[in-house]
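What follows is a single structure, written as C-alpha cells, with notes after it.
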Amino acid sequence: MLLNLVLAVPIFSGLAAYLMRQSGAKSFAALIASVQTLLAIYLGFTGYPQGVSYSVEWLPQFGLYWSLGLDGANFLLVLLTPVITWLAILATPDDTPKLASYVASLLLLDGFLSGLFLSQNLGLFYIFFEAMLLPALVLIAGWSKVDAGKTALKFLIYTMVGSLPMLLAVLVLFFTGVGGESLEFSQMTLDPDKQIFLFYPFLLAFLVKMPIFPLHGWLPTLYKNAPPTVTAVIAALMSKAGTYGLFKVGLVVFPDAFSEVSSSLAVLAVASIIYGALTALGSDSVREVLAYSSLSHIAMIAFGMASLTINGNAGASLQMAAHAVATGGLFLVVAVMDRRHLPDQLRRFGGLSKHCPRLAVLALFLTLASLGQPGLGSFPAELFILTGTWGRFSVLTVVAASAIVLAAAYLLRWYQKLFTGPEGTYRKPDDLDSLESFLLSVPIALSLVMGFFPSWFMVPVRLWLEGKL
Amino acid sequence: MPDILLAFVGGVTLLAALGVILSKEAVHSALFLTVHLLGIGALFLALNHQFLAVAQMLVYAGAVMVVFMFAVTTLSPEEEPLKLTGSDGFPLLGMVAGLGAFGAIYWGLSTSGLSGHKAVSDGLVAPSSFASDLFGPFLLPFEGTAFLLLTALIGAVLLGGRRQIGDG
Amino acid sequence: MNTSFDIMALTLALPLLGAFSVGAFGKSWGKRVSAFVASSAVALSFLVTLFSIFRVHLNQVASTRSVDLWHWASFKVFDQVTDVSFGLYIDALSLTLMSVVTGVGFLIHWFSAEYMEHDPEYTRFFCLLNIFIAAMTLLVLANNLAVLIVGWGGVGFASFSLIGFWREKPSAAEASKKAFVMNVVGDVGLMLSVFVLVIKVGVLDYKTLLSDSQIQVLQSDPSTFVWLGLVLGGLLVGAYAKSAQLPLHTWLPDAMEGPTPVSALIHAATMVTAGVYLLVRMHPLFELMPGMMNFIAIMGAVTALFAACCAMVQNDLKRVLAYSTMSQLGYMFLAVGVGAYGAAVFHLITHAFFKALLFLTAGIVIHTAHGEQDMRRLGGLSKDIPYTCFMFGVGGAALAGIPLTSGYFSKEAILHAAHESPTSGGLLFLVGAGVAIMTAFYTFRAFFMTFFGPQRIEHPHLPGGPTVLSCTVLTVLAVVAGFFDQRLSNCFGPETAGSGFEIHPEVLSASAMGVTAMVLVAVFAAYALYGRGQHDKLGQNSTLLNFCRNGLGFDQAYGMLSGGFVLLARLARNGLEKLLSGSFPELLGGSFVTMGTLLKETQTGQTRHYMVCMVVSVVVLLVYCLLLSGGSNYAA
Amino acid sequence: MANSPEFFLVLSALIFCLGLIGLIIRRNPLVMFMSIELMLNAANLAFMTFSRFPPANRVSLGSPSDGPAFTFVVMTIAAAEAVVGLAIIITIFRNRHSVDVDALTSLKG
C-alpha cells in the first residue's frame, strides 16, 4: 500500500495542482514532495535491505500486472527522486509564469519517475518510461526561454527513435509470450538466442535516454535551453531512467544478451567518457559544461555495468545516486544564478565569489562532489566501478580513470571561470538567501554521507546483485 | 425467361449505362439511368427474385430518380462536352483505368472457374420467405437501415436549410 | 567486522569540529574567537597525540593497533570479500607523523592568528586550515589504502583552496588548479593500486596486507611480480604527485601563490611529505621489488639535484624555499630507496621544523617588506628585524646542514645510509653530498641577499608577538630535534628495528667531515658573492639561467600537453560535436521536411486525381492477388 | 444463358467499369453520382447472381437470403447517399455558384 502511495501522492496531487491558484501551488507542491520524501524514507527503512513489493492483476492474459517493489536496484533512486524534486520545486523562482502548471508538471514527472523506478513488471515499466515524457515535454516546450519548440522536438524525436523499437520489443514479449508466463521481472525467462534481438531495441532506448555518445544530440540543447530546475530533475533523475533500465532490464530479463554486448558497451562508454570530458573542456557555456560532464559521468555508470561484476554494478548503482545528487546540485546552482539574471557564457564571468561568497563555497563542494573528490559520494562509486572494470577491461579502465583527471580539469576550469579571477561583465548579484543556502546544502550533505558511509547505501544493491552475477 | 429476351434486357441495360456516362446533358444522363435501373430490375426478375425486382423499380427507378431529377433541374448545370483528351487527360486516363479494371475482373472471373456454381432452384423466391429472413436473422441490419435513412433525412434537411437559418 | 573506538579518533574529530564551527559561526564570532577555536582544536589534537604516545610508553595500550571505527564498504570479487573499514592504524610511524602534523600545525595556526589579521577572509582561512589538519590526520591514521585516499584527496582539496585563497588573483587560481589536477593524477595512481590489490590480494588494510605472513605468501608466488609492479607503480605515482618529485613536481613552485603560512604548513612541513609517509608505510611491499627500490633512490637523487639547480638561480624568496623543499623531499625518497626508513622519517621531522621556520620567517620578511618577495629588491633587513634574521639564519643553517643543527644529523644519516647501500651507493652518496653543498650555497645566498647589504625597504612593518613567539619555538626545535635520533630509533621499537628504522648519523666519519667542510666553504662562497649586497651576478638573464629559473622546461612541456588537450577539446566541441548535436539532427530533420514538401505536391486536392490513383492501385492489387493465387479457384 | 452465372457477372463487371469510367471522366458531380449508382447496381447484380448461383459448398457460405439482404441494404444506402450527397452538392452550388469538381481543390496539400 505504501508503495502505491509513493507514486499516487505526487501524481494525483500533480493533477490537482494544475487547477490551483498560482500563489499557493508552489508551497503545496513542496509539501507534497516532502510528504513523498517521508513516505519514501519510511519505505526505505521498512524495506532495508531486502525490499518490499506489491502486486495485483491488471491484464493477466498479457502478463501485465500492477507490480511495484522496492529492491536493491531501485533503492537509492526511489529515495532520491522526491528529494531532488522537492529541491527543484523550492528552487523554482516565484515569478515563473504559470507557476502552478510548472510545479504540477514537476510533481507529475516525479510521480512517473517513481513509478518507473518502482515497477516490477516490464509492461508497467514501459508505460512509465513513456509517460514521464509528457510532463517533461510540457516543461521543456512551455518554459524554455529560447528555442522552446525546437528543443522539445529534438528531445522528442531522439527519445522516440529510441523508444519506438522498444515498444515493438515490448509488444513482441506481450503477445508472443516468449518472455515466459508474464512480464513480471521476477518471472521472465528468455532463451539466450532470442534475447539479443529483443535486447537491442531496449539498449537503444536506454542509451538514448542516458544519453551516451554518439546518441547525445539532444543533451546540450536541452540542458542549455530548458529552465534549470527542470534540467536539474532531468539530469539527476530522468537520465537515470536509462541507466536504471539497463541495470534492471539488462541484468534481469536479458542477462545473456547483456553479457554478449557488454564489451561493445564498455568501449562505447569509455568513448563517451572521454568525449564528454573533452567537449566539456572546450565549451564556453555554463550549462553546456555541466551537460557534457553529465555525459561523461553517466557513461561511467554504463561502464561499471558493462563490467558485469558485483563491484562494478554496485558502484554503478551508487554512482547513479551520487551523480544525481551532484549534478542536481550543480543545476540548482545554475538555477540560483539564473534567478539573478547572470549570463551563460563563461568568458563573461569572473570574481563571482566576491559578491556571492556563500554560493562560491557551496558550488565548490558540489563541483568536487561531481568530479569524484574522495570523501564525497562519487569517490567510492568510481572506486567500485573501476575496481569492477579492472578485472575485465584493464586498458579501458586506465583510460576511464585518466578521465577523472580531465574531469578535475574541466570542472575546476568551470568553477574558477565563474568564481575566481578578475570581475566579469554582469550585473552584480546578491548572495544566497537562507533558503537557497539550505537548498544547496542538502545535496552536499547527502554526498558527504554517501562518501563516508557508502556501505549503508550499497548493502541492498549488493544483496540484489548476489543472485544475478 | 428466354435467352433472347435476356440478351435484349442486358443489352439495353448496358447501353443505358453507357448513355449515363456519355450524355452531354445531365438530364439525359438521369433519364438513361432510369432506363438502366429498370433494366437491372428486370435482370433481378430473371434471377428469380420477385421482391427485389419490384423494390428496384419502385424505390430506385422511382423515388431515388425523382431526387436526382429534382437536383438536376434545380442546378441546371452547363453542358459538358465530352472530349477524350480533356483537361489533364482525365478522360483518357479514366478509359484506361476502367478498361484495366474490367480486364482484371474479367481475368479473375475467367480463371476462377464458375463451373461449381449451380442454380439453386428454378422457382421464384417468394416475398414472404425473404420477409421472414429480413425480420429474422437480418433484423439488426434492417433496423440499421431505418436509422441510417432517418439520419440522412435529418442531414439533408440541415444541409439544405442552413442558408435559410443563416439568413433568418 | 568489529568496530571500536580509540582516543586517537579525537584527533580526527576535533579539527573537523573546529572547521565546521568556524565555517558556520566564524563570521559572527569575529577574528579572535575564530582563531582561538581553530588553534585550540589543533592544540587539543596535539595533546591527544602526546597522551597516546605516553600511553604507549607506559605500556597501557599496544604500540601497534588497528581500530575500525565503522564499516566503510566491501569489495567482492567472486567469493573473495574485501572488507574496508573506516579505521585508524596507530603505530610509532603514524604517532610520530601525527605529533609533527598537529604540533607544527598548531604553531602555524598560532602564527597565522596574527599574520593573517588584516585579511577580510580570515575565518575562511582558519576553516580551511582545520580541514587540512583533519584530512592530513586521516591520511596518516587511515588503516587501509582506500581510506588513505580519502585523506589524500582531502589534503589535495585543502591545498587547492589555500593556494587559491586569494581568489581575485588569476595566477593563484591557475596555480591552485594545477596543484589539484596534479594531485588527482596521484589519486588516480593510488586508485589503480587499490584495484589491483583488491582483485589480486583482496586485502587493503595495512595490518593484514603488510603482515609478515602475507608478505611471505606474496614472495613465494612468482606470479606476484607481474601485477605487483602495477601496485607499486600506482603508489609511486601518488607519492610523486603529492611530494612533488620529478616529473610530477611542477605544481609545487607555483603553489607559493598561497599565503605564506600555507606554504609553511602544507607545502613544506606536512602535506608534501605524505608521499614519503606512504612509501615508508608500504615498504614491505616495495622491498619485494628491489629494482623499484633502486628506481626510487635514483629518482630521489635526481630530484634533489634538479631542484637544487633550480633553487640556485631563483630570485623569489619563496620559490627558493619551494625548490629547496623539493630537493629535501628528494633526499627523503633517496633514503627510502636505500632502505633507510628511519633516516627518511627523521629528515622528514627535522625538515618540518626548519622548513616551517624558514617559511614563517620568510613570511615575516614579506610582511615587513610590504609584500615584496623578489630578493633583488630586498636587503639589509637584519637591521630592521634582527631577531627574525637570527631565526632565519638558524633555519637556514639547519637546511644547509651546519653541524649541531637538526638538519646536519638527519642529512648525515641519509648520506651515511646511501653510502652503505650495496647498489650504486657510491654514486648516490656523491650526488647527495653535491646537493648538500649546493643547498648550503643557495640557502645562504637567499639569506645574504635578504638580510645583508644596503637597506632597501622603507617604513618596514614590524612583526608582532605571536608570530615571533611561534617562530621561536620552531627555532628551538630546529636546533634540538637533531638530538632525538636515538629516541626516534627506539620509538620505532624492537618489532620494526632491523628493517631500516634505526638511524645512524656517523657524524665523525671522514666523509661526513669532508662534506661538512665543503658545506662551510659553500656558505662562505655565498657570503663572498652576496654578503655585501652586490648585484645578483647570477641574476643576469642568460638563456641558460632562465631555463634553470623556469624549472628546466618542465612547465613548458606540461603546458604543451595541456595545450594539446585544450586544442583537442576545442576540436571536439566545435568540430565533431557541432556535427553530432547540431548538423546531424538538423540534417535529419531537414530531410524529413524536404520529403514532406515533396510528398505534399501529390495532394492536388482534385477528386478525380485521387480516384485515378485509387482505381489504379485497386487494379494493381487485384492483379497481384490473382497472380499470387495462380488463378486457382479458391471456392473449389 | 439464364441458367449460368457468366452472363450476369460479365454484365455486372461491364456496368461497374462503365461507372468507374464515368466517375473519372465527368466533371459534373451529378453525373458522378449517377456513375456511383451504376457501380452500386453492378455490385447488386453480382450479389443477386451469386445468391442464385451459389458455389457448390454453399452451406459454409451462408443462407440464400444473404445476397438479397445485401442488395436491400445497398438500395437503402444508395437512397440515403443520394439524399445527403445531393444536399451537399446543392450547398456547394449555393456557396460557389459552380459545380465543377475540378474547381474544388481546397483540400490541396
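Which chain is which? They are A, B, C and D, in the order written, and residues in each are numbered from 1.
The working rule: a contact is a pair of C-beta atoms (placed from the backbone, for glycine too) under 8 Å apart; a residue touches a chain by one contact, two chains touch by 3 or more.
Computed from a prediction, not measured in an experiment: that's the story for all the values here.
*Asks:* Could you please state the distance in Å, as a whole number, between where the Cα atoms of chain A are centred and where those of chain C are centred?
*Replies:* 34
*Asks:* Would you mind pulling out the distance in Å between where the CA atoms of chain B average out and where those of chain D do?
*Replies:* Taking the mean C-alpha position of each chain, the two centres sit 6 Å apart.
*Asks:* Using Cα averages as centroids, what's the distance between chain A and chain D in whole Å?
*Replies:* It comes to 61 Å between the two C-alpha centres.
*Asks:* Approximately how many whole Å separate the CA-defined centres of chain B and chain C?
*Replies:* Chain centres of chain B and chain C, defined by C-alpha means, are spaced 99 Å apart.
*Asks:* At least two partner chains per residue is the criterion; list those residues in chain B.
*Replies:* 90, 93-94, 97-98, 101, 105, 116
*Asks:* Among the residues of chain D, which are close enough to touch at least two other chains?
*Replies:* 20, 23-24, 27, 55-56, 102
*Asks:* Give me the residue numbers in chain C that touch at least two other chains, ranges are fine.
*Replies:* In chain C, residues 606, 608, 612, 615, 635-636 touch at least two other chains, as defined above.
*Asks:* Examine which chains touch each other and state the graph shape they make (line, ring, star, complete, other).
*Replies:* If you draw each chain as a dot and join those that touch, the picture is no line, ring, star or complete graph.
*Asks:* Could you run through all the chain pairs that touch each other?
*Replies:* All chain pairs meeting the touch criterion are A-C, B-C, B-D, C-D.
*Asks:* Which residues of chain B touch chain D in their complex?
*Replies:* 1-3, 6-7, 10, 13-14, 17-18, 20-21, 23, 26, 29-30, 33, 36-37, 40, 43-44, 46-49, 51-52, 55-56, 59-60, 63-64, 67-68, 70-72, 74-75, 77, 80, 82, 86-87, 90-91, 93-95, 97-99, 101-102, 105-106, 109, 114, 116-120, 125, 129-130, 133-134, 137-138, 141-142, 144-145, 148-149, 151-153, 155-156, 159-160, 162-163
*Asks:* Along chain D, where are the residues that touch chain C in the complex?
*Replies:* Contacts found on chain D: 20, 23-24, 27, 55-57, 101-102, 104-109.
*Asks:* Tell me, which parts of chain A touch chain C in their complex?
*Replies:* Residues of chain A touching chain C: 153-154, 157-158, 213-214, 216-221, 275, 278-283, 309-311, 351, 353-354, 357, 360-361, 364, 368, 371, 373-375, 379-380, 382-384, 386-387, 390-391, 397-398, 401-402, 404-406, 408-410, 412-413, 416, 419-423, 451-455, 458, 462.
*Asks:* Would you pull the chain C residues touching chain A in the complex into a rising list?
*Replies:* 23, 70-77, 86, 121, 124, 135, 146, 149-154, 157, 160-161, 164, 167-170, 172-173, 176-177, 180-181, 184-185, 187-188, 191-192, 194-196, 198-199, 562, 565-566, 568-574, 576-577, 580-582, 584-585, 588-589
*Asks:* Touching residues of chain C toward chain B in the complex: what are they?
*Replies:* Where chain C meets chain B, its residues are 606, 608-609, 612, 615-616, 618-619, 622-623, 626, 631, 633-636.
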